[in-house]
Every structure is written in C-alpha cells, then in structure tokens.
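All chains are identified by letter, namely A, B, C, D and E, in their written order; residue positions are counted from 1 within each chain.
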C-alpha cells in the first residue's frame, strides 16, 4: 500500500528526493491510474496460475475429498481481509495525525475491498463448514471475530457516508478504524488462545509433506493474486475519490475537459 | 490549578450527571423497565417449561442487558450536545478524557448498575441456580461498564449525525458481541458444571482495556463531532 | 378554503413526515434493525432446536413488534415539539385530529409497515408454516396501526414531561396487551390447527375503534401538553 | 378587531400580570414591552389560543377566540421564539410545507423568490441545519410574505439574530401589512422603527 | 496577546472568508461584524479551537493554541449562540457546575449574589426550563462575573434576547474586563456601546 511513496521517491528534483511529490492528490491521480492497470494484469496472470494449481495440480484430499479446494479462496481472502484492515487503519491514523488528505482517501478507498474480502472469507468458510462441521455457522472465536471485522468495515463505510463534511468524515472514521484494530490480533490468534472448531496453523492440515507443498504453493500464488487485485481495486477507487473531492479544483476541471476533447 | 483539580472536575461532572439523572428519574427508569419487559415477555412467548427457561436464562438476560445498554447510549452525549454544555466541557481547562470518563461513570451508575442488581431477581424467575445467579451478577458487573465505555466511543462518533440511532447500533454491536459471548458464556459454563474463571478473566481484561482507552477515544471523537 | 382543503392538509403533513423520514432514513431503520436484532438474538439464547423455535415464533415476533413500536413512539411528536413546528400545526386552520392522523399514518408507514413486511421473512427463519406466516402478516397488518394509534395518545400526553419515556411505556403497555394477545393468539390458533377468524376480527374491531377515536384524543392531549 | 379584557397570567404559582386589556383596530401595531420574564411571550401565546388565560377573555371581531377555532386560526400568523423549521428540510421545503398548511397560494417559484428577497437565494436548498442563526430566523420569517391576507400577526421578537439590513427588511414588511389594514402584535428588545398608521404600546411588569 | 494569521474558513464546500488576520493586545475589544451567515460564529469557534481553520494559525502569546491545550482553555471564556445551561437544573446549580469546572473560587452565596446582580434573584432556584428566553441568557452570562482572571472572552451575540437594562449591565461588565486588560472578541447585530481602551472592528463578507 505504501508503494506510491516509494515510486514517488524515485522522482528526484535536482538531486533531492522529493518524497512528497506524489503525496499530492493531483500528482497521484495519473500515477494511480497507471499502477492500477499493472496490478490488475498481474492479478489476472497469477490468478490463472493459482487456479490451475488449485484444480489440476493439487491432489484430492484424503479426508475432505474435493471440497477442500475451497481453501484456495478461503485463506487468501481471510488473510487479505485482516491485512487490509491494518493498512486501512494505518492510513486513517496517518490522516488523523498529520492531516494529510491523500492518506485519508486511501483509507476510504480500501474499506470496500476489505469488506468484500471479509465477506468472501465468511462465505467460503460457511460453505466449507457445512460439509466439514455439519453446520454453516458456530459462534466460535475465529468465526465471530471475522464477522466483527466485516461489521467494522461496514460501520466504517456507513459512518463516512453519514457525514457530509469529508474532513470530519475522515477523522471520525479514523477513530473507529483505530479502535477496531484490536480485533485483528484477536482473529489471528483466536485459534491459539481458545480451542475452537476452526483449524489452527496450516501445518496441522498436513496429511503428507508432498501434498502440503503443492497446496502451499497454490495458496501462496492465490494470495499474491488477491493482493494484486486488492491493490488495483484500491487504486481505482482512490482515483474516483480524488476526483470527487477535488471536483472544484482547476486540475480536475482541466482533466474533465481534456477527456471530453479526446472523446 | 492544584493537584486535586482534575479530581475535582471529575467529581463535579459526575455529581452533575447524577443530579440530572435524579431530576429526570424516569428517563433512567426507562432503561431498567425496558430490561425487565424484554426479559419477562420472553417466557410469555416460549411457555412455562422450567427446564427450558433455565437453559435460556443466561442468553436472554445478557441479550436484554446488551439491548438496554445500547438503547441508553443515545442519551449519553445527546442532551449536552443539544444545549451547548458539551462545548463548554470541551473548553474546560481539564483533560477531556477525564470529563468523558466522569460522564460514562455516571451513565453506568444510573443505567448499568441497577440492571446488574436487578438481574439476579429476574434470574430467580427463570429458576436459575444460586451459583449461576452469582456468576450472572458478576459477569454483568464486569461486562456492563465495558458496554458503556465502548458505547461511548460510538455515541461520540455519531453525535449530531443524520440517523445516529442506527449508525450507533451498527458501530457498537460488533464490539459488543465479545462481551456478550464471554458474559453469557460464563453463566452457561457454571450452569454446565464448569468454572467461570476463564470467561470472567477475559471480561475483566476487556474492562481494563476499555477503561484505559475508551475515554480518550471518545474524547477525540467528541472533538471531531463538534467541529 | 375549498372542500378539498382538509385533504390537502392531510396530504401535506403526510408528505412532509415521509420526506423527513427519508432524510433521516437511519432513524427509521433503527426500529427495523431493533426488531430484527431482538428476533434473531433469541435463537442464540435458546439454541437451534427447530420445533422449539417454531412454537416460540409467534410470541417472539409479536413481542418484538410491540417493543419496536413502543420505542418508535418517542419520536412521533418529540421532534416537532422541540423545534416549534408542533405549535404551528396546532395553529393551522384545520382540524387538529386530521393533522395528527396524518402524522400517525406517516409514522406507521415508516415504522410499522416495514416491520409487517419483514416479519414473514424472519418467521421463515423460525421454520413457521406457510399459513401461519400468512396469519402472522395479516395480524401484524391489523395490529401495528392500532399500536401506533393508541401510542400516539400516550406520546401526546407525555410530551415534554420529565421522564416521558417511562411514563409513556406505563401508559401505553396496558393498552397494548390486548393487541398482543389477540395478535399472537391468531397465529398460534393457526399453528394449532384452528381458524384465526375470531382473533383477527377482534383485531379489526380494535383497529376501527382506534382509527375513530385515537387521533382526536391525541389532538386534545397535544393542546394540553403545549400550554 | 382584536379585543382583550382583563387578562391575567399565572405561571408556576406566580402572577405575571393581571387586568391587561386593549382594543386593536385594523392597522394598529401593538408593541408589547417589558423586562425579561415579564410575561410578553405568555401574553402572545394567549392571543393565539395556545395558553389559556387565568382570567379574562380575548375577542376577535366580537367573538371569543376559543369558540372561533379554525376560523380564527385561518386569520392568524404566529411566530414564536422558536423558528418552527425542520432541520432536515431545506429552506424551500420548509416554506412550502408551512404555506400549504396555511392554504396560501404558493408555488415553488414564488417561494424561491420570497426566500431570495430575504437574502437566502444561495441557501434555499441547503438543509436548514447548516444555516447560521440569522439565516434560520429569516427562513421562519419568509412565511410572512405569503400571509398578507391574515389579519392578525403575532410576532415574538421577530428581529432577534437578524443583521441590520434584514431588520429593516422585516420592519418594512410589517409596516406594509399594517398599511394594508392588518393588526400586528409584536415584542422586541431592540429599537426598531416600525411605521404604523396606529400604534399602541403595552408595558408589562412593574 | 491574541494573533490570527491568514485564517480561512470553508463550510460545506463554500469559502466563507480567507486571509483574516489580526493582533489583539490586552485591553482590546474586537467586534466582528458581518451579515447573517458571513461566518462570525465560525470565526469565534476557531478562536476557541472548536473549529479547525482550513488555513492559517492562531497564536496566544506567541504559541499556537492547538499546542497550548488546557493552558489556553484556562484563559478562555466562550459564550455561544446556545446558552449551555441544563434545563433541569436551577440557575444556581448551573452556575455552580460551570464555575467549579472552570476552577473559579465560587461559593453558593457568591453565585447567588451574582445571579441577583443580573436580576435573577427570584428565579435562582427554578429549573431553567421555565425561565423566559432573556432570563436563560442571563443565566449563561452570569458566569462572566467569575471570570475576570480569564484573559480572553469570546462572546457570540451576548446581547440577544436581553432587555435594555440587561444589555447595559452586560456592556458594563465587558467594559470592566477590558479596562482590566482583558481581550474581548464579540459579535452583535444590535448597536451597543461598549467602552474599551482599544477597539478593533473586523467586517466579514463582501
């Protein structure tokens, strides 16, 4: 997520590193567009490879049959949902502390993707739970905390939507996001802290070393694909947010006019 | 500006809010009344089988307590916001978190504590056993302040917004669920013959965490809401 | 002052209140959300036995509807009272009962009707049978307006009083209980294999009675409260 | 013609005033004066029928206002301390609602014009929640522009929170109404010149 | 000394004012003028730190008020449009609470005296709910009598709803504070003569 700063750092102005060059919405806007396209492309390629491994390379599980293959969606989605929340809270906190517009916009842009990932983890988990545990849902620590994560995302979005003034919306959202961060370690360590129905670390899943290896590879590739997709989606959304918030500025007008002329 | 000044300010806000609650006694009673209604209406719907009622009891009582706390939240800052006294609190020469803490404490004393004291009586009506009643009271005693503290953040964030009610529930409910689970869990553990220790210590940990962070988070949220 | 003037005034108040509800959408959603929470939290407390849930269902749904309606009452006149628009309504050159009727109608449309529409869905989750679901919906359709109408009298009487909340519940609950009994009774009758006719016709009669008298009683109460 | 006879007001066990009486012919302005808490608002609310006097009667064209009911309310405009506007509606919507209820012939365009006349052109479509104190008061006052036909205006501190220019504007509107034969009863703590064919002053309190 | 540099205010996407700056030495009265909605209230709230300016800075004795925090708030009195009194408490209780919070040395007897000075002797123990508009305002203003030590008073339309005599009384209190070297920033739409050693006027809006 902090990629744009690193890319920005490469632009040097008379030898000095101009770290802030891309921190301005105006300059970040076109950069984000270019980057989003790259990330989407990588996501498609990795996704294809990952799915190929998932369905054709990884062997059938001895106990779970074919049903276990849902893991290739479930785990990356669950990882991303947690990871994105932390990143969102980070940017929100930076926005709150230093009043930097772009970081707040980043937080706002991440939320829907994060919510989507949390939903996906819950959904695939529930689908998986029916054959595995014989029930869609139990109020177990990991499942509950993941559900809370989804609600936190939804709450963050609802709070921002309810506030007209964007600055106030950013700041209020930041407080909520920061408060909610406690939930992430709870999700992650819930399987260690409480004995639950849910699987612990992936090692426990190992039936035989060779199988774990292909599965692990599949999962990692899928996780990377998800990551790239999330980056792309976030950047696309942040562009929309920038444009909406800066609609009164000259450069946004120029941009809109330019588009019209092109068309 | 003596060393005792912050304490005096805390006491002043606490006294003020308790006095106000005394003046608007029935506002407070509403929460309690609501709690009692929710709890007592349920046997009506379920029928009078005692063993069934006993199994339901911890869940019903905790859910009712949670709902009652959530509904009471709306009043935590709204009055002060509407008449401008909240601005004056923010401008008072004291750490705002402290004053907010005083408000939360007063709020709990008038809405949470009576509920804790009433719960065992209602539990009796559900034929709960003595040790389960004890655990129920203890779990509520540890849990309801946490509900108030967490809720204060939500109440501060949604202050003056269109449709604050729903938003408040949406923000606060996810954070309430752990408290509910461990609270009801403690009672169920006792009813099931296990010790409540693990559940209660988690409730205690949540309380300590909330005590330390919630007033400051709520204070920050208030400042934002007042802009 | 044409013949259609009262009708126009009715429509104007109705439109205004619906528009306001649209602007404060989530205030309305709170009632609904509350209804859903109360209903769905109960299985959590009781456990997932389907036959048990099915027996509970009519009672739980009706109790939840009653609670939700009662909580929504507080908002019926409070807003207009606080900003002075209620005075202007009282001073409008139209029969006040009519305008109050419009306010109650709008209130029901935004808090009662959604609840009626949502109830069958929730009933499904309780594994209720199709004909019971139908009766549930019908009984709520007949019952919730009555709750609103009766509640309006209470809301008008307690307007601006200290502790309106509790007083309102105390005034209104006894009058609500018949509606609850016949409403839940109708559904239980169907579930038990009997016809709901008798129960439903009592509900209908209550509704007609309330429709004729409640707006005028509420209007009178409003005038008294404004003095 | 508005006549009050021997009005007495008791609030919370204390008598605020007694034996207050006056006769107001068309075109008369009655300025009710008095210190804070002397009962001006209470008197104005009595004239509207919102508060029942402890003693005395109020007659409109010879009939007691309590028996007149709607017929009297159709002739009356009351503006209280409170603005009686909904925070969540825009200025325009507020005006349309209040005028539809009062059976004024009002179109959105006319409403917009009158808001513009009171300097609210730029904020006619904002929710009134975000308006400044004076702008809110103006929204409440805008309804006067549609109520020429109402023969009795009762205005409780209409000029509060208004800037100088708005004060002059409102004073002119009141003067016009008086010139057209309306009766206006008002209170104010500010010194505002309201031109009136006939003028009465009533001082409450010791 | 209060210094503002290049303040800019944006509300709801509209810029209300920009590049507003001033320096106020002890004993200076700053009257903020402007039409309704020109941003007076917003400016006053900025000075209190309740509203963050879109641009610019506010310095108190050379330090940014945001970094000063409590030290600044201890020097400040703010009186807003709203009276900030609780309806259910009596005037006396309201005053005692607000002064205890402000760390004024206040006894019930002293509070009662100052309420009496503002003409509230008879209603010091009534819940403020039943007071008239002007009496409520007086209760809010009573706290000024205990805040001589605060070097900055920010008063948003202090004279609203007050009768003539109360206006003079409050103006005298403000003048005394200025005479004692305090800084007073205020707004009003009424013409009130406030005697001040030094006076600045700031007009917002076009």
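Going forward, a residue touches a chain if its C-beta (ideal position, glycine included) is under 8 Å from a C-beta of that chain, and two chains touch if they have at least 3 such contacts.
As the structure is a prediction and not an experimental result, all values here were calculated from the model.
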Common contacts of chain A and chain E? B
Greatest centre-to-centre gap (Cα means) from chain B is with chain D
Of all chains, the one whose CA centroid lies most distant from that of chain A is D
As a test of whether you follow the contact definition, which chain pair has the most C-beta contact pairs? B-C
How many Å are there between the centre of chain B and the centre of chain E, using C-alpha atoms for each centre? 36
For chain A and chain D, let me know how many angstrom lie between their CA-based centres, rounded off. 59
Distance between chain centroids, defined by C-alpha means - chain B, chain D (Å): 46
From the mean C-alpha coordinate of chain D to that of chain E, what's the distance rounded to whole Å? 30
Counting only residues that touch at least 2 other chains, which ones in chain A make the list? 139, 162, 165, 167
For chain E, residue numbers touching 2 or more other chains are 12, 52, 81, 88
Flagged in chain C as touching 2+ other chains are 23-24, 26, 44, 162
Residues of chain B that touch chain A when the two form their complex: 153, 157-158, 161-163, 167, 170-171, 173-175, 177-178, 181, 209, 213, 217, 220-221, 224-225, 227
Under the definition above, what is the set of chain E residues touching chain A in their complex? 12-13, 52
Touching chain D in the complex: which residues of chain C? 1, 5, 8-9, 12-13, 15-16, 19-20, 23-24, 79, 83-85, 87-95, 99, 226-227
Going by the contact rule at the top, pick out the chain C residues touching chain B in the complex. 23-30, 33-34, 37-38, 41-42, 44-47, 52, 55-56, 58-60, 62-63, 67, 71, 162-167, 169-170, 173, 184
Within their complex, state which residues of chain A touch chain E. 164-165, 167, 248
